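What follows is one structure encoded as structure tokens, with my remarks underneath.
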């Protein structure tokens, strides 16, 4: 077996409709950005799933670690005042 | 991949991991996981991905002979999806730190396993219908439960795949239903394909639970959700009424409905045939691997050229 | 443009026996109505090229490319189905796109020779696709605004598809040309071998004149000039040398094909022809 170098891995993000957020669709291999974009179009948008694509080298992504979960995310869970349900509105009045 | 002996896991971490599984949480790539879990997942996902890739060959065999333009396009699109599904699942294994290239090499050198069904030849156009109906039907039964597997990237790939595969089964059944209403020769062609693919399709679910060494652990960790026998029975129950609807017979004289269990009981599977095919002695094992190797070897200069070109461009960009 | 040779050969004096039909015939078999011929040319080009491209499905150099080439094959066969359907309707003899695809013999096919050549290696396939795509994009641009609503509609949709094909194929020509030494040598050879088949893409004849009168007008000279510019630009990026113009190979538009087409059709039509009248 030859020691062939693999093509780099890319992460693909698709926007389903104009104005919507980009979502992670999956990954693929490609040699450069234009190539990754073309492959993403063929692999992840062949059923018309996207109106826009982002491709990012997988190596460029920095992810939070599982050990970060506590300090990163749990403090956000008890800040009820960030959510609209926290606030009382007199009955019969429509606030937006 | 180097296979080392299974390390002793930290009992506290293992307990926490199993608690998460029990709570129905999904495990993500960077989460702690027992080495056995990582290995079992890699093995299962690789087998699944290889099956998609090798599975392109028996159907690809009829792309150039599809008897109408509509059928030709459906078949190309279906085989194309199989490439996509292989790709999605390989990407899932890459999150476990396994390079697709390494897995691919295991497929090419014959050391990896893939679904035994793809080692059977496709001999007539009706096989395209019956593969869609049986083989994709079986795959859907399998994958619908895998979409709830504990490993996040695998489960997510399965959700996408299940969505896409619905069309595969429908197009297969449509081909069969059309042949069933067709000329005597078409009906004969269909029945022959059914006869050839029925038993190998039942074997697709793998050995009986009592002979499936990995099943218990896979179930405990929710890598699998149902046993091989449960899934096989579900497939038979779904398929028998479909066969009745289009008027083909299934090649099993013991097939009968059990009103008590509400199951279609079926005859004994010839496991010696199954193990023969798994061990590399099926009708097309050699041809399938040769075809994959030929494509890989013929493509090497292309893959190398694309890398070399990208490297040149990167240099000229950084020099500018 | 060369005038069509319309010699209705008379009976050569002294050789015909009275009472026996004439042995002298026209130099060329008669063609169908111009619009039908024109649509068959467009449709057959895409059917045969799509078929060739579909041969890659499952055998490509990398998984991502299996998916890409299948997309191209699907687009081309889809275009062919529409064009042949329209050809059948215009002809008015009840032939469908499937009858036209599966129940004509090689000499009745009207595709250019370029598209029927075997797929060769990946470089051959990409160079051929690039040469064809560049022409096709320009042709659809012209036809999208033509005076025949059916053709204009097909052209507008096909143009979008082929613009992507062109982007895909030209990037591969550049990658392979400006890749490794081996890849450069291979695609230069592909280009040299295929070049003599490109002239047929531009060869206009009385069919083109006749459909122009119906509003299906393409400025052949302008199209050629723009094709040259596109091809030159990509070949320069690919560090490939444009071959000199030599003797051209053509004949497909009148059913004079290479030997390859017969084998392609023997495969493609085998199931359909074994069961005439069957529904699939």
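All chains are identified by letter, namely A, B and C, in their written order; residue positions are counted from 1 within each chain.
The criterion applied here is as follows: a residue touches a chain if its C-beta (ideal position, glycine included) is under 8 Å from a C-beta of that chain, and two chains touch if they have at least 3 such contacts.
Please read all numbers here as calculations on a predicted model, not as lab measurements.
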item	value
Chain occupying the middle, per Cα centroid	B
Chain at maximum distance from chain B, centres defined as averaged CA atoms	C
Chain A and chain B: spacing of chain centres that average the CA atoms, whole Å	28
Euclidean distance of C-alpha centroids - chain B vs chain C, Å	38
Separation of chain A from chain C, taking each centre as the mean of its C-alpha atoms, in whole Å	43
Multi-chain contact residues (two or more partners), chain A	7, 28-29, 31, 35, 43, 46
Multi-partner residues of chain B (at least 2 other chains)	80, 84, 87, 300, 303-304, 306, 309-310
Per-residue overlap in chain C, given as positions that touch at least 2 other chains	62-64, 67, 71, 175
Residue ranges of chain B touching chain A (in the complex, touch as defined)	28, 30-32, 80, 84, 87-88, 91, 94, 99-101, 105, 108-109, 157, 160, 164, 300, 303-304, 306-307, 309-310, 313-314
Residues of chain A that touch chain B when the two form their complex	1-2, 4-7, 9, 26-29, 31-32, 35, 43, 46-47, 63, 65-66
Chain C - residues contacting chain A, complex	62-64, 67-68, 71, 164, 167-168, 171, 175
Chain A - residues contacting chain C, complex	7, 28-31, 34-35, 38-39, 41-43, 46
Chain C-touching residues of chain B, taken from the complex the two chains share	53, 56-57, 60, 63-73, 76-77, 79-80, 83-84, 86-87, 90, 125, 175, 178-179, 181-183, 185-186, 291, 294-295, 298-306, 308-310, 312
